[in-house]
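Let me give you the structure first, and then I'll get to my questions.
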Amino acid sequence: MGNILNQIGIENYIFLSVVLFCIGIFGVLYRRNAIIVFMSIEIMLNAVNLLFVAFSTYHQDAQGQVFVFFSMAVAAAEVAVGLAILVSIFRNIGSISIDNLKNLKG
Amino acid sequence: MNVSTILIILLIGAFATYFSGDKLASKVALLFSLAALGCSIVLLNNYNAGENISVINSWITQPKISFALNADGLGLAMVLLTAALTPIIIFSSFGNEYKNAKAFYGLILFMAFAMTGTFLASDGLLYYIFWELALVPIYFIALIWGNGDAEERRKAVVKFFIYTLAGSLFMLTAFIYLYTKAGSFLIEDLYKLNLSAFEQFWIFLAFFLAYAIKIPIIPFHTWQANVYQKAPTVGTMLLSGIMLKMGLYSVLRWQLPLAPTAAKEYMYIFIALGIAGVIYGSIVALRQKDLKKLLAYSSLAHVGLIAAASYTLTLDGLRGAVLQMIAHGFVVVGLFFAAEVIFRRYETRNIAEMGGIRAQSPKFTSMFLILVLASVALPSTFNFVGEFTVLYSLSQINIWFAILGGTTIILGAYYMLRMFQHVMLGETNSKAFADVTLNEGISFAVIIAVLLFFGFYPKPITDLITPSLETILQVINKN
Amino acid sequence: MIHIPDFAHATTVQVIFCFLAFITVITAFLTIFSRNPIHSAIYLVICFFSIAGHYLLLNSQFLAVVHIIVYSGAIMILFLFTIMLMNLNEQREVHRPRITRLGAIVSFCLILIVLITIFINSKPIVGEYDSTGEDFQSIKVLGKILLDEYMVPFEFASILLLVAMIGTVLLSKKEKLNK
Amino acid sequence: MDTNLALILVLTPLLGFLVNVFFGKSLGKTASGAIGTVAVAISFVVSLLLFNQITSTGKGIQVTLFDWIQISNLKINLGFLLDQLSVLWLLFVTGIGSLIHLYSISYMHDDENMHKFFAYLNLFVFFMITLVIGSNLLVLFIGWEGVGLCSYLLIGFWHKNQDYNDAAKKAFIMNRIGDLGLLIGMFIIGSMFSTLDYATLKTAITGATNLNLPLLSLAALCLFIGACGKSAQIPLYTWLPDAMAGPTPVSALIHAATMVTAGIFMVTRLNFVFDLAHDVQNVIAIIGAITSLVAATIGLVQTDIKKVLAYSTVSQLGLMFLALGFGAYEVAVFHVITHAFFKACLFLGSGSVIHGLHGEQDMRNMGGLRKAMPITFWTMLISSLAISGVPFFSGFFSKDEILLTAFHHSIPLYVVGSVASIMTAFYMFRLMFLTFFKEFRGTEEQKHHLHESGSLITIPLIILAILATFGGLISLPGNSWLNHYLAPLFTKVAGEEHHLGTTEYTLMGVAVLGGLLGILIAYIKYFKQDNFPESDENITGLSKVLYNKYYVDEVYDAVFVQPINSLSKFFRDYIETGLSALVFGLGKVTNEIAFQGKRLQSGSIGLYLFVFVLGMCAIISYIFLAQ
């Protein structure tokens, strides 16, 4: 199993994660539902994680994987807090469409 | 003992005043300002005795900024002016009740502290810090304790604040540029720079913008009349009596020696601007309805003349400018105080609502008249000495400058006497006008005594300032 | 330089990769396009599982497991709970103006083109992948690294999670109406 | 000793001023009047002592007190110069001053602010003495402006009346226009010779070889402008008639005898400068002649008794300048002295009349006062004869000298001067006839109260009348004591005295005839034909123009005052607001930009992200693809 990258090629992983990342961006822009936006963000995070792991294998170095581990921890925390915020927003204004969140308007 | 003592006294005074409570604040402030005056007189003695009273301490090593206070004759003269006017100003406010007096008097002392620092600082950045620091108290004084409609006042004061701040930013830029050249902010190092004409031009301009707004020289004066009108009289006195002189002093200390070539090249333009200010200010003053505004425009005219004299780059010009600065400082404080005295009784600053005061209050009339006459530079007052020197120096540059600048003695007499006539003379006013109280009388008497004494014997001041002015001229003429 | 898989001579691994990649991309798209948030969540779970498959393919079992636990398990449950808590369905989402969609598509295409162009333009990967044979990613090794070299960050991660937990509780706690 | 004397001379009136200012009210009216009078009298005594010393030694006394103003190439001392000229001036300033103080004690006795009046008078004398004895131009300038100040204070003495205050203000400002000229002249002289000291200046000028004559002429012209302001010459004369708003003793002291002669003093003092500037001398002569004529014509129709005297003063001052223009300084000085005597007497006499009529100044409401006020009548008659140039009164000699000088230099100017003299005789006797002859035309009540004034008023009148009669003796034609006395002052060979020949006698005769002619016309018109001036509305034609003083005030108002005022209004309303708007404009622009930028911040996260993505694309492309 040691020669996966020989068979698949690092560039395919790169392209995959690029596509995944772009889908994430697309989702963030496309949807107005804050939960879906959140999901898109998760997709983007995963795209990056995937690339990390791929390069970790490429470089024969565990550090990439360690980093992914930490990023997962952070992602978990982020999702927990973010969803809690969403819940409280929903509770306050009855909607989680990000079009309604215009408090930043100058 | 060195000059930092004055600063320390004033700073401690500011805090002590704040913590002494509303009732005691005014007295504590007066005490500390008198202490500062005493201290500066002692320092003057030491200086005259040849003692070194300057301070240089390293403050920040990178970038190289020093805590450098240098007291030469010029700086000392200005410090003395500040130290002498501050107690008078504080004392003159004794007839008024201020809300939150502890903050009010604390701010006055703090402002005196900052202004004294400006006059003493010989490190560019330190100077800049003091310069900007002086702006903060007057902003609050004018904003919180001012008069008139609060919204308009806020507008005028904020305009003043931002305007002057914006001007001084250019000065900061100039200082930073000079630092990159000299590697130090110390004035001696900056004096040693040899800048190209092009660099000097921009530095001169940057300084000019800062000072022209502060002084003010037309057409940068638009903040002045409104702020003078809106600020409480104490604030107006501080502004016109001392703060304007910061700008004029800085022209002599920083602008001219740092960009001598540019100064020489463009002096005619700036003299012309100053003189335009004289004529413009005098003419605008003619038809002012508000007493404080009228005095503001007269102040504009006078400082225009002083600025013009500074740009002559001659010893007479600089000396006349400094003499006139001091004289104007005293007389303008007196005049604004007179306006305040009237306000205390009539609750108005509108000239049309005054009149007939002379019949009721001869003492006040005499004092006011003397101040008016000093303001129009009647010989035997200090202002005449200054104005004569200034006009003489202008006549040495070009006789037309003297003639045009000299119109101030005609127009000045016109608007001041017109004002005097409408404010003081005429039929007895239906409203009662109580004669000046003892406190008010003392303030007036001190100012008048100074004006008359130095009117006949300006030699002490001339002797004090001349050597340092000569040094500055040497720097200007080094090439 | 783009390695075009030769389907005729594809190895098993390559087939698996293509299959997984296909699922990943399709489910990701479906996540975004489905109108019902619950469907989105389900697709996202599938997407995560396929990514876990990638991890397995890359021989990093530890991460694959953690990934499934954290993402497919914990995070997705959170999502689902939230969705159900809010009682969201497709009607709740307001109609999006066309310009938004157009903008989204434009930026999608743009960033995709830009990123791919970059990778194509960048230095081609020289040399074939060469395995040293050394074990670097078994759970055992990772455990040692994590608790040895990355001890402090590891502990901080726990603190982070704790803080997040407290924060979440505080945020989602109903405010008392009459304080 | 000299220093002490000089200080006593100067400081006594100042002391009188201070005492009257601070304690005058509590001292009471008589005491304050007495203090004022004594203070000036002491100065007079000191002046006499100094005069005695000067005549015996023949040398001036220079007193230097201390350095005053330092300017790089000028060092200005506060010092005094007591020489022939200044002591002469001192004598009549303090002498007439004392008399007028004495007179004022009675004249002002009803005024509640009498102590102030005396304070101001004393201050005036102080400044006048400073002016006269200053050793350099700047000390002269102290006095110069100081007397202007006192003039301002005293014209506006009745400060409740804004018209009087206007007059006072006008006087001060017109004087200041002249003062600017004087200052500029000083600047030029100072930069040319590095000194403002008379003595040094004189040696510098006389010793100099290649002088910049055009510049010196310019300086002389500027100085003359100063003299114009102070001595009420065209174009700066209009303040003097208005200055009659002040109490009559003030008019007598300041606006007839002393202050207005300061210009002549200054020109005489700087004769060595003016001698070199011939063009300027011509200007002086011409302006003097025109002034004397214009003022005399205006004087012909005035009905206010003090206004007549005021225009007569302007006219006489014009004659003095005529003499100065010809370099005949001693003649001008002679006329200054005689004029001081008779004009002070006339003013005090008119004051006595006004006092007697309780403030009535319009001659149309007088008449027949001869019997009621004999002393006033006789003294005024003597003075009128003197001013009209009737032989053997003092005015005859001095005026004749001037006309003689004019005749020798310029016939047209001589004619102008002579016509002015004839007019003078006419209007002075018009005044006499209207005031003292015929029947009284005032109200019954005034008639009832008619009386001769008290002795404090009549004694000064009598003394002045005596002086007006015999004052001419100090400079008799052909044997002039004055010329010899003043000779050391002048660079020219002094006293190219007119040898009394046929021409001179003829001219004298012509002058006398002219004077008598003027008196005769007045006699016919106002005594025989029983005319008297119409009331204001009925004045028509040329007399209306004259009565309204050629509308000069109106013209000045329209040409100078109004434009400046409207300019001020324009500046205040438009330029100021415009500039202010410009500054605020900067702020507004910033605000506007911020406002637009604010609209960019729509709060739509989608937009933000879209832009963010675009920006990221741009940055990435720039970093990775641009190379």
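Note that the chains are named A, B, C and D in the order they appear, and that numbering of residues resets to 1 at the start of each chain.
Please note the rule applied: a contact is a pair of C-beta atoms (placed from the backbone, for glycine too) under 8 Å apart; a residue touches a chain by one contact, two chains touch by 3 or more.
Nothing here was measured: the structure is a model prediction, and the numbers come from that model.
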{"item": "Pair joined by the larger number of C-beta contacts - A-C, B-D", "value": "A-C"}
{"item": "Relative to chain B, chain with the most remote C-alpha centre", "value": "C"}
{"item": "Chain centre separation in whole Å, for chain C relative to chain A (CA means)", "value": "5"}
{"item": "Whole-Å gap separating chain B and chain D, where each centre is the average of the chain's CA atoms", "value": "37"}
{"item": "Rounded Å distance, chain B centre to chain C centre (Cα mean)", "value": "69"}
{"item": "Distance between chain centroids, defined by C-alpha means - chain C, chain D (Å)", "value": "103"}
{"item": "Chain C residues counted as touching two or more neighbouring chains", "value": "100, 103-104, 107, 111, 115"}
{"item": "Junction residues of chain D - those touching two or more other chains", "value": "606, 609-610, 613"}
{"item": "Residues of chain A touching at least two other chains", "value": "25, 29, 32, 99"}
{"item": "Interface residues, chain D side, partner chain A - complex", "value": "597-606, 609-610, 613"}
{"item": "Chain D partner contacts - residues on chain A that touch it in the complex", "value": "25, 28-29, 32, 98-99, 101-106"}
{"item": "Touching residues (chain side chain C, partner chain A) in the complex", "value": "1-3, 5, 11, 13-14, 17, 21, 24-25, 28-29, 31-32, 37, 40-41, 44, 47-48, 51, 54-55, 57-60, 62-63, 66-67, 70-71, 74-75, 78-79, 82-83, 85-86, 88, 92-94, 96, 100-101, 103-105, 107-108, 111-112, 115-116, 119, 125, 128-129, 131-134, 136-137, 141-142, 145-146, 150, 153, 157, 160-161, 163-165, 167-169, 171-172, 174"}
{"item": "For the chain B and chain D complex, residues of the former touching the latter", "value": "159, 162-163, 218-219, 221-223, 225-226, 280, 283-288, 314-316, 319, 356, 358-359, 362, 366, 373, 378-380, 385, 388-389, 391-393, 395-396, 399, 402-403, 406-407, 409-411, 413-414, 417-418, 421, 424-428, 456-459, 462, 466"}
{"item": "Touching residues (chain side chain C, partner chain D) in the complex", "value": "100, 103-104, 107, 110-111, 114-115, 117-118, 121-122"}
